[in-house]
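What follows is a set of notes on a single structure, which appears directly below.
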Amino acid sequence: MASIHQRDLLLTGFVWSAAALVIGSFLWLLSDMLLQGAGQLSWDFLTAETENAGRAGGIAPVLVSTLLILAVAILVAGPIGLATAVLLSEFIAKDNRIARAIGMSIDVLAGVPSIVFGLFGMAFFSAYLGLGFSILAGGLTLACMVLPILIRTIEEGLSAVPDEWRKGAAVLGMSRLSALFYILLPAAAPALAAGLMLGIGRAMAETAALIFTSGYVDRMPSSLHDSGRALAVHIYDLSMNVAGGDANAYASALVLVIMLIIINNIALMLANSLLQKRISLA
Amino acid sequence: MSRSHVNKSHADDILRIALMSAAVLAVGVLLLILLFLVRESWPALQRIGLYRFVSDAGWHPLEGAFNLAPMLIATFAAALGAILIAGPIGIASAVFGRFYAPPVIAETFRRMVALLAGIPSVVFGLWGLTVLVPIIAKWQPPGASLLAGMLILAFMVLPTVALTADAALKAVPKQYLHGANALGISQAGLIFNVAIPAARSGLIGGILLATARALGETMAVLMVAGNVVQVPNSLFDPVRVLTANIALEMAYATTEHRSALFVSGLALMLLVVGLAAMAGKLGGRLHG
Amino acid sequence: MTQIKQTPTHCCSEVNNSNAYTLGPIEAGPPCCEPDPAIRVQNLTLSYGGQSALDNVSLDIYRGCITALIGPSGCGKTSFLSSINRLTDLIPNCTVTGKVEIENTDIHAADMDVQALRRRVGMIFQKPNPFPLSIRRNIQMPLREHGVKDRALLETKLQTALQDVGLWDEVKDRLDSSALSLSGGQQQRLCIARALALQPEILLMDEPCSALDPLSSAVVEDLILSLSGRYTVVIVTHNLAQARRIANYAGFFWAKERTGKLVEFGRCQQIFESPAHELTAAYVSGARG
């Protein structure tokens, strides 16, 4: 058996090499993305039509489709998520049976694999509701997917609002609706925005749920009923199905990752600003 | 005599009803998903039956053979391999951040891991396909293989393990650690005998969550694992996992074939949701 | 059951006694008027999910007087206050039985308009809780909620309320800055102004000075004293000296096995100088609690 000292050394070695491995792989991934993608990246790449199945041209239609899909997803999931979060944090007690049932189904929903969302979206939105391959169908599928993230972050934000304000509003004879709109929601606004950002990030990274719902078409969409290719789907298609598409795939991946980093940082900043507000109040 | 207090405000009543309907919608999504998966799976479950999904001559859906077993095995093999790699490394990197790294490095390291967690699976897939697969191919062709799938999945779920383990280690009460330090226990002793046991349920929860993600992941594996329907004989054989099968064949599947794909989706969902629920019970939930 | 010594009538019986309202140098509390009950509490029992917090409390609270509720922590004083404006509704699993009548209306009746009730019964908490809004909005938003829409009227009410609490001169130049930028004492006075703006009949105060520094505390205490006569004030306080200084009546609560009971209620002077119950005597002399 190794002595205590040797065991310490072994563990130290293992921990440092694990960290080095993680850092190394990260840098490797990052450098490949930059090396292979940055060269293609230009203003033209962002604003030009897609040509030759993506081998040439830019990603303008893909960006537009992505934004439309995101807009549908957030416009649908936002209000539902906000309302559910308000119900859970303001109107029913945490240990209430209904609250637990809702909470559990939200957590289950959060665990559903994205390909299953894709199957569901195809069967329900595309086939059953007759939306076909469309931006609308893709957006609605993503709305279902981001719902749990929205609900949980907004709920957390609201529960960080000090109880004194709820009591203060109540003892002044204010309705809960007014308390919510004039005091609680404004106070939790950074959390609402952070939740929204995280939802957008999750939706933007999604591929599998979109392949059978919003589809592959890389033309500029003219309505929400058109099929539209999301950025993530574009990367998949370029790398798997288009010979010679790797360079543009990397450039698109770089665009996607940069957008995600920006969104995540905004979310983080918003969450921190809420935290600071809380500290200054305490 | 107990009273029920009725709030007379109509605005509040309307608000309550509106909120309730939104919550019903949110819960309804899950029920709709289950309903439609079952509805679409039903023809296959009835006409093919569960047994044939593991006993048919192979996966030749156009000829009426629906054996999912090779893909099930590939799915489990890829997820297991990924967890065997990502588990220890992920926990070790959390230990690094909490016990070994100087504060500045620890903070930067955590940010890096969080960034890694946000990288879309399709980007991992792209990188695996263009960098990792050629490297494996030089060594053991064709390259696109179970091993590539395992490695990419490991890379992908590593942040999940690391972040949940970090949260679990952070939650270990400080006095345990101070107590152990005061007794003059070695660093390794402190970590193995105090910190890890105290954080055990969070660590296991994180591993389960990562397993669920690995089993449910589609794009990354689809892009690197080669997609041949077979029971792998070695790490270098190309395989097709369940999720990839759905993504690859759904575009043209009809009738029983389509229904059979929904059966595999339903099975996948039950499996992954079950694991995620277990993880949630153990406290390995990732926020955001 | 604890014997309740309720001696409200002695106030009147002593009206003819010329010395009855000479409260002495420490007891600067204003002389009491006719003991005319504004709130009648009968057999009030309150429990949180089976654990009873307040057992069978009966007392009258007199109009225009300051009534102090004293006793150690956890003896049900705050629960008692919360049942007067039905703040108990906000607490899940809280059951209230018995009767609380304000102007002969049972406020725990099912058809009570709770929002209207809370406009009539204001409440101030231990920790000042101005909303994260401007000073102006803090006072005007509740007014708008209760139907005051006229801008000129809103401005007048804002000024009156702030003048009532002596805050006008301090904040008149920064009415639109955040209420959270005020000092603790100013915040508490703003909260009182916010409640006063709604022209309530009753003010409930839950240890309104205990989170403030001594100087702010003195300012708020003087303010409370100046409210007597115009408002019926019920104040929970742990500061016995403060209760003696400002209250006309005092009720002493004591908890047995976590269930609070009203041990004794009477004129403030009587409670402090000649308590009828030995627990009261021990508490006010500092021997217990």
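By letter and in written order, the chains are A, B and C; residue numbering begins at 1 in each of them.
The rule is short, and it goes like this: a contact is a pair of C-beta atoms (placed from the backbone, for glycine too) under 8 Å apart; a residue touches a chain by one contact, two chains touch by 3 or more.
This structure is a prediction, so every number in the text was calculated from the model and none was measured.
**Q** Average the C-alpha coordinates of each chain, average all protein C-alpha coordinates together, and give the chain whose average is closest to the overall one.
**A** Per-chain C-alpha centroids ranked by distance to the global centroid put A first.
**Q** Counting only C-alpha atoms to place each centre, which chain is farthest from chain C?
**A** Result for max centroid distance from chain C is chain B.
**Q** Distance from the CA centroid of chain A to that of chain B, rounded to the nearest Å?
**A** From the centre of chain A to the centre of chain B is 17 Å.
**Q** Could you tell me the distance, in whole angstrom, between the mean C-alpha positions of chain B and chain C?
**A** 56
**Q** How far is the middle of chain A from the middle of chain C, if each middle is the mean of its Cα atoms, in Å?
**A** 50
**Q** Got the chain A residues that touch at least 2 other chains?
**A** Residues 175, 178.
**Q** Can you pull out the residues of chain C that are in contact with at least two other chains?
**A** 114-115
**Q** Considering chain B alone, which of its residues make contact with at least two other chains?
**A** Residues 9 of chain B each touch two or more of the other chains.
**Q** Help me check something: in the complex, which residues belonging to chain A touch chain C?
**A** Listed in rising order, the residues of chain A that touch chain C are 93, 96, 162, 164-175, 178, 182-183, 186-187, 277, 280-281.
**Q** Quick one: in the complex, what on chain B touches chain A?
**A** 9, 11-12, 15-16, 18-23, 25-27, 29-33, 36-37, 39-40, 88-89, 92-93, 95-97, 99-101, 109, 112-116, 118-127, 129-131, 155, 158, 162, 186-189, 191-192, 212, 215-219, 222-223, 243, 246-247, 250-251, 261-262, 265, 268-269, 272-273, 275-277, 280, 285, 287-288
**Q** Which stretch or stretches of chain C touch chain A in the complex?
**A** Checking each residue of chain C against chain A gives 85, 87, 90, 92-93, 114-119, 122-123, 125, 127, 129-133, 141-142, 145-146, 180, 191, 194-195, 198.
**Q** Okay, in this complex, where on chain A does chain B touch?
**A** Residues of chain A touching chain B: 4-5, 7-8, 10-12, 14-16, 18-19, 21-23, 25-26, 28-29, 32-33, 36, 79-84, 86-88, 91, 101-102, 105-120, 122-124, 128, 144, 147, 149, 151-153, 156, 175-178, 180, 198, 201, 204-208, 211-212, 232-233, 235-236, 239-240, 246, 249-250, 253, 256-257, 260-261, 264, 267.
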